[in-house]
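Both complexes shown next keep subunit A, but they swap its partner, so subunit B is in the first and subunit C is in the second.
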Partner chain A sequence: MKHVVKILSLVLAVSAIWITLLQAAIIPQSHTWLLPIYFVVSLGCYGLLMVGVGIMQFPTCPREAVLLNHDIAEAKDFLSTNGIDIGTY
Partner chain B sequence: MELADRAVGLLLSSISLSIFTYYTFWVIILPFVDSDHFIHKYFLPQDYAILVPVFAGVTLFSLLCVFIGMVMLKSKKKKA
Partner chain C sequence: MAEEKEKNKYSIIIPTYNERLNIALIVYLIFKHLRDVDFEIIVVDDGSPDGTQEIVKQLQDLYGEDRILLRARAKKLGLGTAYIHGLKHATGDFVVIMDADLSHHPKYLPSFIKKQLETNASIVTGTRYVKGGGVHGWNLMRKLTSRGANVLAHTLLWPGVSDLTGSFRLYKKSVLEDVICSCVSKGYVFQMEMIVRATRKGYHIEEVPITFVDRVFGTSKLGGSEIVEYLKGLVYLLLTT
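Presenting the complex of A and B:
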């Protein structure tokens, strides 16, 4: 619950700053809705970009994968010989 | 499958970059261009620049709510 409160208070603070900037005529009034939406869209784009870059740079470990498969086969053998039933799923 | 991963990552990054450049052009650069320029043919009228992201955001939010509702219903069915 407290995390939601933190996020909501952050949103409230940002909107308060935006309204004061509008009132003080620093930002032209025709752009009231355009600039916040632009920032939200660019934030979403930035998140997507970071996800794409992370996927591209994700390291695979082929040797460890082979060793892990060995371990899995060994464990399956051991369990099936000792009577515990593992249905393959 | 490293290649598939890299292809997906590349696709995602290219989509995000293209959306960002298109939207930046639409909102920031186009108001400063003369209305006779040919580039205006490639962009929708400026009113859509607000409608499209808001519509997408509302759709996303409603899909999220539907998903949460379905998960809650399923968990209640299992208990009873």
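Presenting the complex of A and C:
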């Protein structure tokens, strides 16, 4: 099943529940009408929250850059002693 | 486990374009970190004008032509086809693909191999976004776009892996052959398409933490057009996978 079908059926299922709620009038209709707006807003909030948390906890590795420079120096040494023409960079 | 290790052969495919210095460095580091492993390095060079192929030939003299294979192409033909080209010449049971610019450090290769042996996974993918992984050299804007893209892709595609656009991966050769021929995207989206299609096909995918050191400071690779391409790729994957 294509993924878009999966998502659309999910949307359809949620809409069906919403329409049932509208019909059954378990909660006041004025509230039920606003539910899709709440849904969209909370989806947006979820997205922003995830991006925010992702940036705050963004894993960085400054030590790796230093280690890499050591490795590069070591490799250059080895290569030039073995006659590989790596030039003057 | 030791027996298993001797049986398996790994083909490391590295596409290059003007990586004269980096290819020499990375070859040295691969040989340094993979001591008791049977492997070959396949360099797919897209006709670099800077003499990358000359350096590779010198490296062949040093390490042996059976360990380093130069499979050049006449001109720049793109990343996806570079992997297909390299794959045709691969003789290993497993294929590793990695970038030549040293943002992928060969010191992680043993952990990819170990993870594969432990779990018998079809694909082991390097991830920057778990404990032990990380990125160096990105400014806030780059981090923001990266996180935003990731959240969007996870919400829409449910890919099951944490790092979609990373390109440091180990594949069973047959699995790579199967997945790669159904992939048509380019650039960042290509890496995402590979892993999403593999997930949909039900392959067993495992992750290992890697660090990513971006040495090309200042030149942000993610401009407006890349973001548009990325969004187009997301929609394409939504509709076709």
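FYI, the second predicted complex is superposed on the first by the 64 of 89 C-alpha atoms of A that agree within 3 Å, B and C clash if a C-alpha of one lies under 4 Å from a C-alpha of the other, contacts with A are read in each partner's own complex, and residues count from 1 in each chain.
Just so it is clear, a contact is a pair of C-beta atoms (placed from the backbone, for glycine too) under 8 Å apart; a residue touches a chain by one contact, two chains touch by 3 or more.
Remember, predicted model here, so these are calculated numbers, not experimental data.
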Exercise. Between subunit B and subunit C, point out the one touching more subunit A residues.
Key: C
Exercise. Go through the superposed model and pick first if A:Asn82 touches only subunit B, second if only subunit C, both, or neither.
Key: second
Exercise. In the overlay, answer first, second, both or neither for which of subunit B and subunit C A:Val51 touches.
Key: both
Practice problem: Scan A:Ala13 for contacts with subunit B and subunit C and give back first, second, both or neither. | Solution: neither
Quiz item: For A:Ser42, is the partner it touches subunit B (first), subunit C (second), both, or none of the two (neither)?
Solution: first
Practice problem: Identify the partner contact of A:Leu21: answer first if only subunit B is touched, second if only subunit C is, both if each is, neither if none is. | Solution: neither
Practice problem: Please indicate which partner A:Leu34 is in contact with in the superposed arrangement: first for subunit B, second for subunit C, both, or neither. | Solution: first
Exercise. Using the superposition on A, tell me which residues of subunit A are in contact with subunit B and, in the other complex, with subunit C.
Key: 51, 54-55, 58, 60
Self-check item: Sites on subunit C touched by subunit A in the complex
Solution: 20-21, 24-25, 28-29, 54-55, 58-59, 62, 102, 105, 107, 128-131, 133-137, 140, 143-144, 147-148, 150-152, 155-158, 200, 211, 213, 215, 237-241
Self-check item: subunit B partner contacts - residues on subunit A that touch it in the complex
Solution: 33-34, 37-38, 40-42, 45-46, 48-49, 51-58, 60
Practice problem: Would you pull the subunit A residues touching subunit C in the complex into a rising list? | Solution: 2-4, 7, 47, 50-51, 54-55, 58-62, 64-65, 68, 71-72, 75-76, 78-79, 82-87, 89
Exercise. Over in the complex, which subunit B residues touch subunit A? Could you list them?
Key: 2, 5-6, 8-17, 19-20, 23-24, 27-28, 49-50, 53-54, 57
